[in-house]
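Below you'll find the structures, each written out as structure tokens.
In the two complexes below, subunit A is the common chain; its partner is subunit B in one and subunit C in the other.
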Partner chain A sequence: MVAMTEAIESAPAGTTEFTVVGNSPAHHDFQDKVQGTLRYGADWKLPGMLYGKVVRSLQPCARITAIDTSAARELPGVVAVLTASDVPFNKVVDNASGGLGELTVAQPVLAEDRVRYTGEPVALIAATEPEIAAAAVDLVDVSYADLPGIFDPEEALEPEAPLVHEAGNVLVNWRIGRGDAAAAMAAADVVITGEYRSQHVEHAYLEPESGVGWSDNGVLTLRVSTQVIEHASQIARILDVSENKVRIIASYMGGGFGGKEDMTVEPYLALLAWHTQRPVRMVWDRQESILASTKRHPFVMRYRTGAKADGTLLAQEIDIIGDAGAYPCLSARVLFAGAALAAGPYRVPNITTRSRAVFTNNVPASAFRGFGAMQVVFGYESQMDKLAERLGLTPTEIRDRNQVSKGDTIPTGESLHTAVELTATRDLALARLGPRSTATGPGCRVGRGFASGMQPYGRTIWFRDHASVWLTLQTDGSLLIRSGVTDLGAGQAASLCQIASEVLGAPLEEISVYIGDTALNPPAGGTFATRQLYMSGNAVLSGARELRDSLAAVAAEELGVPPDTLVWRDGMVRTADSSGQNRGIRLAELAQMCQRRGVSTSNLHTWRARGGEFDPEAGQGDSFPDYTYGTHAAEVEVDTETGVVRVLKYAASHDVGQQINPVRVQGQIQGGVMQGLGYALMEDHALIDGQPVSTLFANYLIPTTMDMPDIEVDVVESGEGCGPLNARGIGEPPVGPCAAAIASAIKDAIGVRPNRLPITPERVLELIDEQAAGRVAKDGDHE
Partner chain B sequence: MTKTQVQLRVNGRTHELWVGTNRLLLDALHDDLGMADVRYGCGEGVCGTCTILLDGEPVSACLLFAVQVEGREITTLTGLPAADAESHPIQDCFLQAGAAQCGFCTPGMMLTALALVERTERPTREDIRYELVGNLCRCTGYTKIVDAVEEYACRRRGNGSHD
Partner chain C sequence: MTGAFEYQLADSWEEAVELHRIWGEDGKILAGGQSLVPMLNLRLVQPAGLIDINPIGAVEPRVADDRLVLSALTRHQDLLRSPLVREHCPILAEGAAQIGNVRVRARGTVGGSMCHADPSGEIPCMVLALDGQLIAHSPRGQRVIDAERFLRSYLTTDLAEDELLTEIRLPIRKHGQGWAFLETVRRYSDFATVEVAATATLSSDAHTVTALRVVVGGVADRPLILSDELLSAAVGGTGRDDELRAVGAAAAATVSPESDVHASADYRRRLTEVLTYRALGKAIERGRAESKGAGV
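Entry: the complex of A and B
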């Protein structure tokens, strides 16, 4: 048997003898979750604790003429009422993303002289009981004078449009360009045009935004449900204290999906706890969360796709407009991802893409699983289907002719440096559908479709990402992992345990992982952009190997064998088996030996991702570290009487490089599909002139058990990825292909291609009516 | 707000507390009695994260006032009679199936499922889906949850304790 070091480093995936990685231990957070004992953001209480509430604007666009807080202050039990003048530094400025002509626009913590969206925070209340705080909210009297608002991003681009911010309505304008798209388009045998629209989508994590803040020893501590503890520096700025005076602890989240990537309750808790010097809890009502939390950007996507008669793509001209809402949040970055991925996993020698984030007086949009790269899948996959149809090719043939492979150049000018297993994922997903179902009634039609996608994992390269971890072997042989990672519920912390266990041989039961605390953990960056397995996984892998190297020197001397022949497993380090002289030392003994010799059993390690530059002028340069590819296949039944679409079968396949925990990988894919199907068929946070049609959870429909078929998953392990042990990230990738796969299946069933999301029964009936009226072109597109 | 004294029977024990007449049962359980497994998710009776068993039937604690349930038997997840010291068999099934991700929906999901299997010895996957329609989950896509409940029903039949 070879030593573990060799096995991990040199063996190709699939043949590697992992003992912990690649298994699905039901450990760590899973245990607490099924016991019901995990403590989320709201499950924290301190003596003397107050309850905080936010007073929010009921107007989407207005000047604040007066705020009268006197009645609220007089209510017995109310301890504090704060407005903008109580905020030491009333600005949240998102770091510039590096985009062309990007505006610097600050978001006030509390609105001062004007409000820009319905739900914008105007004042804060702290009271001794939650019921009193809620009553006080209604007593704050804010007088508004209406201003003309703008609610449609395309109208906001017009010269006479009211300005959401004085600086202008276009937050950022990205351009990606390669070759000569105009000339290539003119020379193309066939040009396909298409316009696709998506909607505002609510994250709808089951745990609302929540947390508790308190101040202690002059340090303000916030224990909150957040993806990003690094917001501590923003909080320090807002309070006008130095950064060492703010500590953020992230509780395990009851879901986040990007919605807890920007700050939620943090600044409000901080202000109330700082002013009152008492602990404060804040939990947003579900209705408040639906009203005011960030949403997924609605995109308007316009495509012109030029190809040769044999289907080879020649050119793409793509224009994307994203509704950023009233403040920047992460819109610039979302629209960059949309631009970079707009052509999908297809070779395009000539391309020009423009992607703009546009301010409106709608609720701010920001990060949401898929982050711009998911909206465009509906665009590029619909275009591929239409092109195939126009040329008399099958959807499979058109993709075979254009699909990227390892080594190909993508529109940003980068070349793909890891395996592209799209064909394998497609074969698996399509095979899973099995025999075609028969329609259940006379008005019902069955259809099938598939869609492929690519989704980046890891932050944009020019942010020069890094993550740190601190590993300590204790004298009893147990292992501590300390990492600033936050856990969304996808096993971010648990997977670190598996990797460390694999390298050091400490059993999982003897590993504790302490996460999400700016005071006690080395920073890992937030949990977003499908980056934590990639970043912190690599940090743990290389940090654990470094630690093992220093421990190995001691063990090797003790056992009289070369260090690289040692086997680390089951809480022991052993000599290799072959001699029959298997001898070993328990990790506890080894730790004590190290201590006696003055060898540290602790290692603080920082892992750095590859750096690079992007030239926004040229629209060329480094974008993302790598991508996860996949294909989904769907079978639907459309009831042509009611317009209802039922998903009969759904199969999803992704190449994840190497699975760390197969059950969690499957879970990510199945859950991602659920969100993708909700996005495709039902979810819509509809706004009329900036006012939500409803803020009830009863009206914001997310898929229930009755809406979801069993999701069949096939995982491909190419053994090539940039994550630890060649893994790829799988958090975001599964939401991308769903809407396109469903739209394609609906087209197959009824002969008309949906181009607007969600594809509700009303819209399906409209499509059927259009078809009956002869308003549909031959390839299913609307005339 | 005037407060009244109520006696709540929760997980086999009687608790005496003073609450306002508008105190939701959910808040009384979560905050006054410190039961973190009964959770606020919507306050509308839609999401199911506040599910409890009231005399054995799953109900939403956010739709009841604490003063309404005096004399009734309330069971929360942590009060389930465990087969061994550690956990109830339905918890083992959820654990093994990987039926929890963020875990926020999990206690409510299990309680609803438990009541179903109590009534229906051999639920089909469609029965399970029908019963769990009021327990939302944003993470799992439900497939593994249905697997876990199916497995639990199967194990329960195997134990022969149902007939």
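Entry: the complex of A and C
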């Protein structure tokens, strides 16, 4: 294992002999973005283009009694006004249902007889100018009759609660069970209880939802900001055309974070462009984006943790309730991840976890970086800290006694098959904090804390994931990579180039990568679940190796050496003799030789992840391919009179197995921490009876760089991961430990533990008041 | 096109007054644009005419008749840079440093901030704390308006439809007078949740607090001056901790702030208490240092 610091300046990892992987070249996406030449979803313009707008419900729960579109239709410049009756197949179906007991609930593209959340699409407008489209929205007269709504997931579980859908309010009820938790809890020397709550969170990507749709030779094309081009099949269903009539192109994104994993503008653009047979553009402004886009699930997490007097964990009883909002979206899978990861990276022989996704008349919640596995970090790390305190152990000692290692069995019954370098990440993060700061004022106190976490990378195993790639060495020696991957801005495309370059020796500047097009690329699956380096990276690695093998046969014959001794580097294939007399062939020449001999220089390759099954009744089975582990440490100063929390120092360390591109690894960790600190301290998509009250950045607070401490990053490279060249995914993992680390530091400063997010100054004062009133137990828990 | 407007430049105050008269309520004055332009962008205001007064330019801050005179077009950052401001009204430099971010401070103007009259704006809070005067011009002539009268309510001033704010006059600091401006924000560069501007005058022997003036912003429809009665616990005293805390508590008991997504009324009251107490302490400490001639 090699611990690397200051990854930006670092040379390639010491245990490897890579020449391209492990470096941080300024690839095409960096250059295009810095030069401002990259065309995002909203930058596409076509002749005769119309502008689309969505008419949205102003009510969270109501019957639609009438929709009068006449005034909107009569407005000069309005070309189309569509309602539910204009939609050939009016369902946004979630094809990816796991079939493991979830309710089957349909979400209409446009509301028919009732609306279930504020912001639900009711009608569509296309007009010759964006301003006319906006004016027409106000002219669509929708009459509503209020229905009783339900806005709290716990209230939605009550027997008499209004039903959001006739099928019931509980979308899914997952159970994970192992051993006998009740008996073990009864036998425990100490039992720690805790209740933790998180909030609705907005993705707040720089680039809002946007795209252009047009119809051309009977094919509908959508060029949109999306993480998932495979939605093309659903668009075909909605239009009632065959799938070969829909093409989706994903533009490079200015962030997605899961918010562009479900469809956003796609069905509306498709309907308007299909109906008008003219190009249509749709761009949600920030207010519409915050109002209507999916959110991170608020969780209510209740823990009972039983342990022996020496700190050894015996049992966990965990109950999780996630507010799914009005429609299923990806809630079932988010709550599965929450269930599977609820105990965190700790050995627990006896466990019962229940995890429910519950419908409400709030905005739908769905995928968001961390995907259920991040919310629970606040739960399990708070429990570990409390257990340590109760037993008089340090937070480090309690973790040392319970932390998982390679080979250990986790609650789903699987065993961990790669290295667990949590201790290394913890040592690095804690060391980074350096000497303790002193408080800056009389009412101020400094505190420190840390939190560890594990986050899956790759889709749930039962989805039998696969990704394809098509590699072509051209006769001038340049290389084409065609992949259905979408690029969130994290360098998904560029990383593939580095891997291919490493294998085939083609210089990066002679590799072009064509991505995100259902018509021209083999499918790679969407970019989510920290899966693209794992999936498409492995596809490129094995596909490039296959291609190299077929090229090597020709080169070996030409050079008179065994194929496995060849060196592929700098646009050449060479013999490996050390005399300095090595001979080589330029890749261009090799490609031409292959052509003459009828040997293909192209390879279409599909890489398949391991498959498996999960038994929902037993709560045991296969869950995720592997995990990325990490530890964050924080030092905060709390002003005990104003409640203001300042993050003085922050250190984050993750084991990424093998860095493909260190700058991009750093970027993921830095950005994840910033997003995680916003989640911990200020972000809150507040709803009052389903009505959002913070739909502008003026009142939905995300941290600015001026609110951030320097984030110190230490990367660990264990050399064990399931990704290409033993890499692990790093997209989602860095957002996980932040809130728990901050909460722990605040507890250290003020003596009472936050149990609700975000930890606003006002809530900090409430905690201090509770403490002053004697309502806080010795271990910082609320009585 | 919605939100279209006619854009006109004024090269002099006279021309600005005339254009303002012509447009009447359909016109808006563009100074630094830090509040107006976002409102235009969101179509919250849709004026027919926009009168850009930036070409007039700001004269440097100057002192006349024991008053610091600021052109309405003085940028916030000028308050930080001007030695005259630091010498004669140092609270302005302290408060201006907490306005928005560097971009807002570079463009935003003191006159614009006064006329926008946001109840949590730093400039109105400080001008009121300094008991400043506002000079308005109209076709009918010039009018001098006390800050207390000028700031009427939420985004509302005493200016008549044809009046234009041209200048702000502030009494210069007296010997033995200390100052402090404190605020808290939820996020860097946001509006203050609560802000407090305070001045304290010490007796010549630096022993006794002879006068206090405290203004609290962010807790009502305009910045509030704490009454003499509220301050009585500390005036005549020596600036002891319990005296200052008593004023803070009395201030908190007096204000009736509203709750919003950023802070509840209760929390704003708590901040009023803490910031008032802290601002008083800092102002008295500085006043004492000034009074002793120790400088700051």
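Here are a few things to note about the model shown:
Here is the rule we go by: the second predicted complex is superposed on the first by the 760 of 783 C-alpha atoms of A that agree within 3 Å, B and C clash if a C-alpha of one lies under 4 Å from a C-alpha of the other, contacts with A are read in each partner's own complex, and residues count from 1 in each chain.
Convention: a residue touches a chain if its C-beta (ideal position, glycine included) is under 8 Å from a C-beta of that chain, and two chains touch if they have at least 3 such contacts.
The structure presented is a predicted model; accordingly, all values stated were derived computationally and were not measured.
In the superposition on chain A, contact is made by A:A686 with subunit C only, not with subunit B. Contacts of A:T704 after superposition: both subunit B and subunit C are touched. Shared-chain residue A:D146: touches no atom of subunit B or subunit C.
In the superposition on chain A, A:D615 makes contact with neither subunit B nor subunit C.
Of the two partner chains placed by superposition, only subunit B is touched by A:F30; subunit C is not. The wider contact with subunit A, measured as residues touched, comes from B rather than the other of subunit B and subunit C.
In the superposition on chain A, A:E131 contacts both subunit B and subunit C.
In the superposed model, A:V644 makes contact with subunit C only, not with subunit B.
Judged by the touch definition given at the top, the superposed model places A:E509 against neither subunit B nor subunit C. Contacts of A:P761 after superposition on the shared chain: subunit C is touched, whereas subunit B is not.
Where the contact sets of subunit A with subunit B and with subunit C meet, they give residues 129, 131, 698, 702, 704, 706.
Of all residues in subunit B, only 1, 20, 22-23, 27, 30-31, 34, 36-37, 39-44, 46-47, 49, 76-78, 87, 91-92, 94-96, 98, 100-107, 110, 125, 128-130, 132-146 touch subunit A in the complex they form. For subunit A in complex with subunit C, the residues that touch the partner chain are 129, 131, 134-135, 443, 641-644, 682, 684, 686, 693-694, 698-699, 701-704, 706-707, 760-762, 765. The touching residues of subunit A, counted against subunit B in their complex, run 24, 26, 29-40, 42-43, 45, 129-131, 203-208, 252-255, 257, 283, 285-287, 488-491, 663-664, 666-667, 670-675, 696-698, 702, 704-706, 708, 710-711. Listed in rising order, the residues of subunit C touching subunit A in the complex are 1-3, 101, 184, 186-190, 260-264, 267, 270-271, 274-275, 278.
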